[in-house]
Each structure stands twice: as structure tokens, then as C-alpha cells.
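Here the chain labels run A, B, C and D in written order, and each chain numbers its own residues starting at 1.
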Amino acid sequence: MSATAVHSLWTMAGGVTSTAPVEKFKAPVIEYTQLAPVLIVIGVAVVGVLVEAFVPRRARYYTQVFLTVVALAAAFAAVVGLAAGGYGTTKAHIAAMGAIAIDGPTLFLQGTILLTSLVAVFTFAERRLDPAAHGKHVVDSFAAQAASVPGSDSEKAAVRAGFTTTEVFPLVLFSVAGMLVFPAANDLLTLFVALEVFSLPLYLLCAVARRKRLMSQEAAVKYFLLGAFSSAFLLFGIALLYGYAGSVSYATIANVVNGSVTQIDPALADTMGNDALLLIGGAMILTGLLFKVGAVPFHMWTPDVYQGAPTPVTGFMAAATKVAAFGALLRLLYVVLPGLAWDWRPVMWAVAIITMLGGAIVAITQTDIKRLLAYSSIAHAGFILAGVIATTPDGISSVLFYLGAYSFVTVGAFAVVTLVRDAGGEATHLSKWAGLGRRSPLVAAVFAVFLLAFAGIPLTSGFSGKFAVFKAAADGGAGGLVVVGVISSAIAAFFYIRVIVLMFFSEPKADGPTVAVPSPLTMTTIAVGVAVTLVLGLAPQYFLDLASQAGVFVR
Amino acid sequence: MSFPLLTATAALPAIGAVATAAVPAARRTAAKWLALVFSLATLVLAGIALARFEPGGERYQLTESHAWIKDFGVRYELGVDGIGVVLMALTALLIPFVILAGWHDADPLETKSSRWRPTQGFFALILMVEAMVILSFEATDVFLFYILFEAMLIPMYFLIGGFGDRAHTGSDENAAAQRSYAAVKFLLYNLVGGLIMLAAVIGLYVVAGTFSLSEIAEARANGSLSMATSTERWLFLGFFFAFAVKAPLWPLHTWLPNAMGEATSPVAVLITAVVDKVGTFAMLRFCLQLFPEASKWATPVIVVLALISIVYGALLAVGQRDIKRLIAYASISHFGFIILGIFAMTSQGQSGATLYMVNHGISTAALMLVAGFLITRRGSRLIADYGGVQKVAPVLAGTFLIGGLATLSLPGLAPFVSEFLVLVGTFSAYPAAGVIATTGIVLAALYVLVLYQRTMTGPVKAEVQGMADLKVRELVVVLPLIALLLFLGVYPKPLTEIVNPAVQHTMSDVQKKDPQPEVEAAK
Amino acid sequence: MNPVYYLYLAALLFTIGAAGVLIRRNAIVLFMCVELMLNACNLALVTFSRMHGNLDGQIIAFFTMVVAAAEVVVGLAIIVSVFRSRHSASVDDASLMKL
Amino acid sequence: MENLIALLVAAPLLGAAVLLCGGRRLDRAGHWLGTLLAAVSFVIGVVLFLDMLGKGAEDRTLHQKLFSWIPVEGFQADVAFQLDQLSMTFVLLITGVGTLIHIYSIGYMEHDERRRRFFGYLNLFLAAMLILVVADNYLLLYVGWEGVGLASYLLIGFWQHKPSAATAAKKAFLVNRVGDMGLSIAIMLMFTTFGTFAFGPVLAATGETSEGKLTAIGLMLLLAACGKSAQVPLQSWLGDAMEGPTPVSALIHAATMVTAGVYLIVRSGAIFNAAPDAQLAVVVVGAVTLLFGAIVGCAKDDIKKALAGSTMSQIGYMILAAGLGPIGYVFAIMHLVTHGFFKAGLFLGAGSVMHGMNDEVDMRKFGGLRKYMPVTFITFGLGYLAIIGFPGLSGFFSKDKIIEAAFAKGGTEGWILGSVALLGAAITAFYMTRVMLLTFFGEKRWQPDAEGHQPHPHESPKSMTIPMIVLAFGSVFAGGFFSIGDRFLNWLEPVTGHSHGHAPIGAATVTAATMVVLVIGVAIAWAMYGRKPVPVVAPRGSLLTRAARRDLLQDDFNHVVLVRGGEHLTRSLVYVDHTLVDGVVNGTAASMGGLSGRLRKLQNGYARSYAVSMFGGTAVLIAATLLMRAV
């Protein structure tokens, strides 16, 4: 493989084997066109940083929004172009000297991430929701000046001056770039770097809410510390796997794991014999990924961070991170560790079960809509894990489909959450949502559609996704998981229904929140969410086809 | 390609629902008329379907088949057998009455809000339910059926929770709480049932690889699809559980009295006369056809549960103080009969059960709607608040009595035919069960007559004084139903002719033959 | 010297770091513990690199250092801003959101 | 000719439909229409009868199939009629007495604003009763059976504003339903045994099945008969049914409907003949009821209730006779017919008395009415003589035959049954004489009614007296007409069969014994009520009297055991439904909520504890993978 070629180059350069003639340095081959989506996003992100430096404050917002949207759209176009060019199927291969896999899942997930990010960015750019609070300045969801202390004079001054944190746009782009690489990573190093690239901007994004800044900062601290903690685990796992296989390339590790490796030098033979390295390493990498996915018991950051982060960020994070992380998880389990399936399947079974049940049960007693959606996302992670465990091609495609369906619902739902506001900003406490259906039937109805999709009611995308995943799981011999999934769906239904009851059947409170009339930006987000929800619910065949065509990993 | 009649029958009310919902807030009455017109047009289409159906022909007729979700092995497959077409027609028949009866049920109490359009919503939801129910009677694809089975819960849920009976005791908040409790209970019970069925649906796919009823049946018949006994049983239980919740069968019944009590009468009719029929219908179509062996295996338990439902429902009906809850428990008792008839697995039992679904739909509609008219007048659901109504409103009392007599299966009225068939069918297979079920007829008389006595007879209560008799709109609702009850009681042949062949198909699915009369068996 | 000992040391350092994260309250100390864990990883990587005789591990170690530096940038920014608003670096004080 | 059968039923049915749906417009002419249609039905009946007489005894049976009612695989129920001599007898009785009572009601109900509806119900009753007797299968019979039950319900509860009437109506329907349960089980048994429930095939095939099956069928039919004919233990509704207007009591609760049980048993003779155990049950029920009714009749002060007791008792005779088998069938029917005349006459007389006495029913408040209501007195008196079996009058012939047949049963059974029947005759003489004396003789004990109006007894209008006179003719002559030359026996024998038992004592002896007990009964009654003034307020009376006033405590038993027990049962079931069935579900939900609340606490907001969870999770993950490998 090309990766080893590169590495042996370095090895030789180190002079370990001086007997062999020194080869001529070969420039690495980088398939720029195939990496175009990532490169576009990163490039524009860098430009965005420059914009912050050089463009006058007044024009920054428009420039940034324009650049971000264009970047994401262009990247998406590139993905579509690649897919149309057959890179998802026949021409799938490993690019960038073994670092990146360009194949069906990669393109599908990149497409999903780019689209969800695009819609999510619309909510980032929304500036009409909070007009009354800050006088003449139009404001968005982000702090005027994140560095100023909450409640301090400098903050007030920043607000008065009409500052806005337009840095969020380049940050989002960096994060998206990381996410695009994450599921495509074909060696452990790329995996790690991508993880950090998409995580670090997210930590920052969490911290920059305009309202409830203390909570926002707290969310960021928690997310950061725990995220760093988990990446340490991931990295140690990487070290152990590398120790076991002598390589970080997925393909090589896979060959070593299932024993089909051809050349065995003594050192490799030595470490290969030590299964503990493999098992512990694998488990620790899983830990890192399960953390990102939000699976129990690595989920505990989720509610706090979802609640504290600015809602547009939450929506983006909940949707895109999950897609990227599951993509990476899939690739790890299907490409690197299939030989270890007998070991990780029972463990993942257990994780899936407690994730489904835990998420659903704890959600019952939640009183904050964002926390509720956080727990819901945990339960959904459990459902997706059920599909992951199927270990069949169907499993891959069902997970891909589920991720696509889920991410749009999530972005849409959080977009609706940004609309319901009172004097303190977003009114996220559930009691404030009482009677929303009376006051703004349309918003409530839209949110109900999202909730029903979360609950997996037929004719919504949630049902199609859930059905696909459960079907794959049952086909893959995980019937028990399906039963647990069904039970936790029932439990989960309870709290989704509770919100609907609250919105429609409770009398509106006198001091209840108002529903802001958003700009076309947020409207677009919500409309896309609803449209995708219904289309994937009523006529999912095209997308299922897409997912199943994309359901093959290249090795 | 011929005209997709079945699709049209289901699509029409769906379109109607959208159209009704789109009517501006101020044009309330227009929305009502629009809904009524759509429901009547649906009735016409259903009538055409009924007329086009040839009892002696193919098992499934008017079929349509289109690719839908290939990956799930799902096709958009429609077709009706005798049972389906009859129930479809019943649904189409009842909805105009439901709409007419609920004409004022969703008028907004205050007219100041311009965006809140309850009336439009109410009628749109009713039409939505109609569309889904009709389609579920037509679906010959398990997945398609499942989707509708679940999806219809949502409009039903909003109908129950959003439009409660305005006659209630206690404070408004209390009533609202009760109502949302009932709605949530309805939804959760049915959702849990549905989700368990989902597991079984997936299991079925894993085993069979398709959801097409005809393909599965064919594969089972020619032996290319064999299920392990335990698999079949688990799948059967998954399906049956969902249907038993919907039907509802004891002890899964407790959502029904709440839902029927809190909903407006037309919605209560919608629940018990239309939506719940999907459950019993599905037992006949899916449980027996897909899992014949498991059905036979489970029969003893189901028969016992059905018997408990019959007796228990009737006894609880006697003990109720709320008119609508009483009718709800009576319905539980009746559903016991239907399920008993289905699982007796005799021609008479199953024909009876099918007729029972139709007749119960009509008779409960009649009784419940009149009860609703009564309740609206007095503003109370409590039996004790009434007395002597027949003196002031004789026509109301008379129609109520006829509805009641139909409920207690008086010969000459339609329910008698079906109930007797069920009893005979059960008796010939399980004599003891038949005898126990017969006590249901005494208990039915008890709760109906007690209800009638306490509300309609005796001295005229002060609050009842001056109660108006039925108005023209209400008569238009009630009289056709009563006429139908009489007609089908005297001449049920048109129905039985359509139903019989379908029942024979089902009987051959489960490979059951009617027990021979002793005298002939001896020969 | 047997390189395995380095592995043991790496594991030990990793565990110390993890324990520190669990035990200490000061966000800065917590963060340093995480850095310790990352460096334990680096040690392990380098050791394995030596055992296998290829450079992959060493390269990753370099990357890790860069990443750790980036983490410091982000992390300190967040921690400092929290400190400024709360006048406390204790992570236990940041518990507005729970249940 | 057979097409007329449907018309027979259709005429009153049409009347019912028109009268009940017609609305107020028909108020003025409604009663005439109802009466006319009843008469039309009677005329058709007569035409059919004459036609039947013109044929040979063996081909008198007419069949008419209207349409296939419930065609289901293996199950064939037709709307088809069969008119044979037995049915014919009933048709004439029903339409004849029915028409008379329609006429009577024109006067009786004159002041009731709901008279139109009353006639509608009466017509409905006629139609249902005719369906009952001309049905050619048990299922259609069942339709008529329930139909008369409905009509009876509506008519007993006609004055619904009176709670007692509404309660009585409900009770009647409910008790009847218990009997109906028997009939439906019997039909189901027939279906599983014979594969059909048409009279012809079933009755022809009794030889092909076991006696056990037939006994079961027979007992179930008996249960049905008990309900409809107010036999012990389902007799309790009849007394309360007197809440209905008196013409109703006369028609439905004396002459026709209550005798349907007798019809059922006689019709199913072939089944009973082959099931001696069932037959025994029938005679026991008949004998017990005979005494029961008679005793109750002795104690009642309410004239209609006394007559109701008498009805019960007389039907007991008929059931007894029917239970005797072919010896008794004919006499059962004959007594039924004569009883139809005199009991209807008696009730109409009672109605006439009440009509004149401000609707007073307590006989202790009558007295000396013979002068004020001569026609009523004479017709009532003739009915009285007929019922006690005064020689030469109707009752004498029919009852005598039954007593004779009872003895002819043979053996100890015969002796016991015969004696019971004789004893019944004595008691009959006693209580009827009591009624007669209290009402028409002695001094006036009239009391003002609740509103303080002093009664002014007067003779009733023509429309009421004429039917009474006609019925009195029947009471006097029917028995003789039937018996002379065994006319009735010959008429019915082709249908019911007949056999002469071996009476241990001669017919003359029986007649003589009957006469003796009759005289004794009358004498005792005269001694108690004729010789000395009767107190207006009833004395406390002996234990038996008090028990008899309360229907021999049977109602109390029902009340305590069934009503109270039932109330407790339903109430506890409501509780169970709420706490147990619903409770389990709510409990699951609540416990889920509790679990949620507890698990929620883990999310305590401290980042370090989250890290612990992660660390622990990883540890477990690693341990589990390693363990998995080790195992």
C-alpha cells in the first residue's frame, strides 16, 4: 500500500537499514480534485480568517455569510460531482497517499454534512430574532464580544458598538472541514487530526452565546475538558493499535487483525501475539468515538453542552458531529476491525441497549427543551448503533440513511427552538411552551412534525430511518436489539408526545413567550427540515438507493 | 391501466382534509360544507367500489400495485376482499354522519383569535382519519398497512386531545387535564402496540423477504416459505398485541373509556366505530392469513380473553355513571364478541364477526350520536343528571332507545344477526365459550335498559325541562342509521354474500373446516 | 533496555493523568493532566515506533504535539474567560446545568 | 293461499310502522287505524282457517318462504312461515282477542295523550306474536319471541313517567332475557346437533341423536318458556308487569304472550318426548308454579296482581300438561285458549272496574260494585265461573282434562301431580271467589283518591263492554264447544299427537273430586270474605300470607342475591379496572418516571463526575472485551 511506501521512505531516511540504496525522493501524490470538498472548505475558512483581519467591521457579516454559504455549496457541488463521476462506486479508492478514502460512505456523509451545515449556517446568520433587546443594532445568537466578561462594562460597550462575533463562520468552516475528513480518514493519524480539527472550533463555538453566557461558557469548559479527555483515550488507543499492527493504515491493521498479512517481521510477530494491545487499543478508540457519538456511558456531556451552547451551534453540532462520528465509527468497525467483530459486537450490543434505554428513560423527566432534545439525540445514537452492529452492507446503508434523515430533523428542530423567545432570550423551559399551538399554530405544527419524526411515527423520515436500521439489525441477527429498540421507542414516544400535549392541549400562559418572526434564513432551514422529513417519510426510495449504492467501504 | 378506484377513494378525503384545512378562519361554515361534500363524494366512490366488487370473483379485487420502497420490499399494493370492501364502505358511510353530528362541536368559543382555526382543523382531521382508515382496509402490503395503522393515531390523537366534549364536570382546567390524559393514554397504548408490531413486521421481513400479502401467502402455500414454529408464534404475538390494543381486548382496554368519554361524541364514534375496526379487521386479514398455525395455537387464550372482555365490559358498563363511558365499556364487550367470532374459526363465527364490525359501527354510531345530542343539550355526561327526557323530547328518547336496542342485539335490528352468528359459530367450536358469551346478551340488556330508564323515564327533572327535541340536522344523522339498522337486520343478505367468499378464503388459510353437525357426522 | 518498560511508564503516566482529571478541581490542573495523558500517548507511540522499526509513531507524536498546542490555545482561552466571569478556576463551580 | 300468511303479519306491522313513525298528524285517527289493521289480520286468519278446514287433516300445513335471511356457509336461516293447526289456533286467539282488546282500548285509553303510540305498540305486539307462532324455524321464532318481549317492555313501561312502571318494564325485559339465553343456547345446540333449526328437520331427526343432547335442548327450551311464561324461577316479573295499562295486562300478560312458553314446549314436543328427564323438569316447573301462583294470588289485594298470580298458576297448569307429553299437549293448548278468553275477560273487567274507580286497584277499597257496573259484574262473573271450573263453562272442560291427564301420568308421579293439580283447583276457587266477593259484593269501602276525589263508579262505555261481552261468551261456551266430540283433540292431534294414559282413577272420579275441592275453596272464601265485613286496611295476616304478599319472598331473594350482589360485583369490578388493570399500566409509567428521576440525578453538573463515568465506561469496555476473549 502507498501508506507503507511513504513510511518506509522515512524509515530508510532514518538510516535504520543502510544497506539498501537510498531511493530517490518521490513527491507524494495528492488527488486534489477528489479532495476538493475538504480543500474548498478549508481554503475559504482561511480566507474567512483573513476577512476578519482586513474587511471593515460593517461588511464582515455579509462577507462571511456569503463566503461560508458559497464554500459549503461549492463543496457540496464538488461532492455531487465526485459522486456523479463514480467515485462513490466504481472508482472508489484510497487517495492522498493512503490518508483519505474516497468511497461511497465518504461521499454520502460528506454530502450530508455539507448540506446540514449549509442549513445550519442559515440559523447562524439569523439576525432578526432579538430585535427589541438591543436597540437599533440587529443581533444574532452570538456574543457581541466573547472575550468580555458577562455583565461587564466592556460587554455593554461592545453591545452598544454593535459588535458581532463574525468569527463563528470561519470556525464553522474549520469544523466542517474536520468533519469532512473524519469519516473519510483512512489511517489513525488522519482520524485523530480530523477529530481535533472539528472539535476545537466547536469548543469555541459553544462558548460564544449572546444570552445566558455563563451557561454557554460552562458548556464550553465541560465540552472542552471532556473532549480533550476523550481524545486522550482515543490517542492512547491509536498508540496501542499502532503498537499491535506496526502501522496506522486501516488496511494494514485490518490485515494484521484478521491474520492475512503477508510480510511479518519479528517485531510485528511479537506484538501481533499480544491480543491485549489490540483489544485495549480497539476499546479505547471506540471510547473516543462513542464519546463523540454521545453513547451511554460517554454521553454525559451531551445534555449540558446542548443546553448551554448557542442554539444554532447546538443544532449544527447535534446534526453534523453525529454524522461525522458515526461515519468514522462505521469505517473503524467495518474496515479496521471486522476481524474482531466477535469481540466488539457483544460490547456494542450492551452499549446500544443502555444508550437506547438510558436516553429514552432520562428524557422523560426533562424540563428544558434543549436538554430534552439532547437526551433524545442520545436515544437516537442508540438506534443508530443498532444499525452499526448489523455488520452487513445493509447495516451501512441503513445507518447512512438514518444519519441523513436524522440530521435534517435535528437542525430543523433546533431552528424552531430559536424562534420561541421571551425577555431572557430563548424560552427553553418546557412550561413556557404551553399553549404554543394556540398562539402560533404553524410553528407548533412544524415542531410537532419534527417531534413525530423523532418519535418515528410513520410517514416521517424518522420512521423510514428507524425501520431501515431495525431491519438491518434484525437481518444481521440482532433481533434482540430491535426489541429493545422498540421498547425504548415506546418510552421515547412518551416525552415527545408530552411536548405535543403541552403545545396543543395546554392553555397558553399569560406571560408566555412570543414567537419571533424569522428572516428567510431560518425559514429556509425549517422549511428544508420539514421537506426532508416528509419526503424521506413518504418516498424514501431514491435516498435509500443512494445510501445502498454508497454502502460499500473501500479498503 | 384502469382507473385506480381504491386509491381515489382514499385520496379524496385526504385532498378534502387539505382543502378544508386551507379554508380561511372566518369561513367556518364553508369549511364544514366542504368537508361534508368531500365525505359524501368519498361515499359515492366507496359505493362504486362496493358495486364493482364481484363476490364470486378473485379474492382481491380492484387491485393496484406500484413500486414504492424497493429497499424495504414494500410495494404500494391495494386490493379489497369482501371484508375489506364492506368495512371500507362502512367507513365512508359513517363519516358524513360524524361530520354532520359534529357540526357545531368545534366552533370556537371566542372568535377574537384570527389564526386559531379549530373548526377547519377538526373537520380536516376527521377526513384525514377517514383517508387513512380507508387505505388501511385496502392495503394488501403489510408494511403499507402498518404505516397507516400507526399514522392514523396522530390525527386521532389531536381529535381527542384538541376537541374535548364541552360537557364536563369540574373546572375547565381539570377537564383539559382529563382530556389530555385521555389523548396521551390513547396514543401511548396504541403506539406501544404499534411499536411491538413494528418489531414483528421487521421480523416478518427477515423471514419472508417481502411484505406483499399475496406473495407471502403464495410462498406459504407452495412451501417455499416455512417458518419455524416459535418464530411464527412470536411474530403472531407481535401483530396480535397491536391489534388487541386497538380492538381493544381485555386487559388492554382501559384507554378506550377515557378516550371515548373525553372526546366529543362524533369523535368517540370515529374511535370505536371506525378506527378500532382496523384492529379486528387486521386480526382477520393479517393474523390468520400470515400466521395460521400460530393463530390456532393462540386460540384458547384469545377465546378466554374475548370472553372476559364480553362479560367484564358489560359488567363495567353497568357500573358506569357517565353515559359515554358506559357506551365505551359496552363497545369493549362487543369487541369481545368480534374477536371471539374471528378466533372461533368457523364460517359462522367469522362471517358473524365481519358483520358485527359493520353492525356495531352503525349501532354504536346511532347510540353515541344521539347520546351526544342529549349531552350537548344538558351539558352533562352523568347519567344521574337526567331523567324523564322522553316526556320532553320523545323523538330523541325514541331514537336513543332504538340505538340501545340495537346495542343489546334485539332481533330485527342488524346487530342481532351478527351476534347470533358469532354465538353459533363459537358454540359449534367451543360450546362452553358459546354459553358464557350468551350471558353477554343478558348483561347487554341490563346496561342498556338501566341507562334508558335512568335518563329517559321517570319524572321530568328540572334541568331537563324544556329540552328541545331533535333538530332537522340531527334527524338527518340519526334516521338513516336507524333505517340501515332495520334493513340489515331484516335483510343482511347483500352483506353476507359479499363477506362469505372472503371468509371461506380465510378459513382455507387457516386450514379449518366447520365442525359437522352431530347428526351428519354420524352418517 | 527492553522498550516494554517505556510502555509501562506510558501506561502509568496515562493513568496518573486520568486520575488527575478525575480528582483535581482546578481547571488548569485538569487541563495539565490531559496534557500529561497526551504525552503518555506520545511516549507509547515513540516506543512502538522503535519496536517496529518504522517512523509512523514518531510522526504521530509530532502531530500530537501540534494538536496539544492547539488544544492549549483553545482550552486556555475558554478557561480564562470562565475564570474571568466566575473568578474561580474550579470546574465544580461550573455546574449551572445539571439533571 | 299460503301467501296470506305474510299478510297476516304484515298488517299489524304496517300499523305499527305507520303509527310510530307517523307523528302527531295521526293522533286523531291512529287508534282506528290500529284497530282496523288488527281486525284485518283477524279476518285473514279466519280466511286461512276456513281454507284449512276445507282440507284433509294431513295436508293442512301451509309453508311460505319469503326470503333467505342469513345465508352463511353451513348456516341457513330463512324468513319462512309455517301455518299448521297449532299455529292456526294461536293465530285466531291472538288476532281475535287482540282485535277485541284494541277495541276495548279505544275507550280505555281515550284520555291518554299518547294513545296513538299505545296502538302502535299493540300492533307491534300483534305482529311479533304472529311471527312467533307462524315461524317455521326456531330462529325466526326467536325474533318473534324477542319482539313480543320488546312490545311487552314498551307497554308495561307505557306510563314511563312513573318510576315503578319503568322499573317493572326493565325487570320484565331482563328476566325474559335470561329465558332468551336459554332459547338461544337451545338453537345453538340444535345447530351443532342437527345442522339446522327449522322445525321440520329438527323435529324429524330427534331419533338420530343422544338423549343427553335432547335433554339439554329440552332444558334450555324450558328455561326460555319459564322466562316468557312467568314460571318459577323466572316468574317475578309478571306481578310487576301489572304496572302497564290494563288492556296490556289482558292481552299480553294473560291471554297471549305469556302462553308463548306453552307453545314452545308443545311445538317442540318431539324433543321432549324423547327426553323424559327434560319432561320431568317441565312438569315439576308447572306444578310448582301452579301452586306458587295460586298462593300468591290468594294474598294480593291489588286486583290486577291477584289476577296475575292466577295467570301464573293457570299457565302452570298448561306447562304441567305440556310436560306430560302426548297425553297433555292438546289439553295444554285447549286450556290455553279457554284461559285466553276468560282471563282476558277478567282483566278487561278489572280494567273496567278501575276505569270507574279512579284507577284504584286495591280490592279492599272496592265492594258492592255489582249494582253500579252490571255489565262488568256479569261478564266478570262468567269469567270467574269459567276459571274456577264451574261445570259446563270453559274452564271446567279444559282444567278437568289436565287434572285427569296428570293422574294418567301414572305411578307415584301421577298421584303427586294429580293431587297438586287438584289442590291448585281448590286454591283457584278460593282466590277467585275472594276477588269476586271483595270487588262486587259486600259493602262499599270506597276511598277518595290521592287528590281527594271520591270515586263515582259507573259502567264503562260500549267500546269497552262489548269486548267484555264477547269474551264472556267465549268463557262460557268455548270449552264445551271444543270438548264435545273431541273437536279440539281431532283438530290438533295431527300436529301434536295424542295418547291416552292409563288413569288410575276414572274420569268421573276426577270430575267429582274437582267439584268437591271447588266447593271447599269457594266456601272458605265465603267464610272469610263474604260473611263478615272486610277491613279496608289489610290485617297483618299469617306468616304465609305475609310471604305470599311479597311473592313468597322470591323477589327479596332476587333483590339480595342478584341485584345487590350484582351491584357489589360491578362496583368492585369498576374498582379493579381502575386500580388493577389501569393501575398496572399507570404504575409502569410512574415507575418509569421514578427511574428517570433517579437516573437523572447522575447528571449532577460536575464535569469531573462525567469524566468518572467515561473513565469507568472505558474500563468496563476494556474489561468486557478482554473477558470476552478469555471466556
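Heads up, the rule we're going with is that contacts are C-beta pairs under 8 Å (C-beta built on N, C-alpha and C of every residue); 3 or more make two chains touch, one makes a residue touch a chain.
In UniProt terms, the chains line up like this: B = NADH-quinone oxidoreductase subunit M; C = NADH-quinone oxidoreductase subunit K; D = NADH-quinone oxidoreductase subunit L.
Just so it is clear, the model here is predicted, and its values are computed rather than measured.
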item: Partner chains that chain A and chain C have in common; value: D
item: Chain D and chain B - chains in contact with each; value: A
item: Contact-richer chain pair (by C-beta pairs counted) among C-D and A-B; value: A-B
item: Most widely separated chain from chain D, with each centre as the mean of CA atoms; value: C
item: Separation of chain C from chain D, taking each centre as the mean of its C-alpha atoms, in whole Å; value: 96
item: Separation of mean Cα positions, chain B and chain A [Å, integer]; value: 45
item: Gap in Å, rounded to a whole number, between the CA centres of chain D and chain A; value: 80
item: Distance from chain C to chain B - Cα centre to Cα centre, in angstrom; value: 65
item: Contacts with 2+ other chains: residues of chain A; value: 221-222, 225, 229, 233, 303-304, 494
item: Residue list for chain B, restricted to those that touch at least two other chains; value: 188
item: Touching two or more other chains - residues of chain D; value: 589, 600, 603, 605, 607, 611
item: Full enumeration of touching chain pairs; value: A-B, A-C, A-D, B-D, C-D
item: Residues of chain C defined as touching chain A within the complex; value: 7, 10, 14, 17-18, 21, 27, 30-31, 34, 37-38, 40-41, 44-45, 47-49, 51-57, 59-60, 63-64, 67, 70-71, 74-75, 77-79, 81-82, 84-86, 91, 94-98
item: Contact set on chain D toward chain A in their complex; value: 589, 592-593, 595-597, 599-600, 602-603, 605, 607, 609-611, 613-614, 616-618, 620-622, 624-626, 628-629
item: Chain C partner contacts - residues on chain A that touch it in the complex; value: 7-8, 10-11, 14, 16, 146-147, 149-151, 188-189, 192-193, 196, 200, 203-204, 207, 213-215, 217-222, 224-225, 228-229, 231-233, 235-236, 238-240, 242-243, 246-248, 265, 267-268, 270-271, 303-304, 307-308, 371
item: Chain C - residues contacting chain D, complex; value: 18, 21-25, 30, 91-92, 94-99
item: Chain B - residues contacting chain A, complex; value: 67-72, 113, 115-117, 146-148, 150-151, 153-154, 157-158, 161-162, 173, 176, 179-180, 183-184, 187-188, 191-192, 195-196, 198-199, 202-203, 205-206
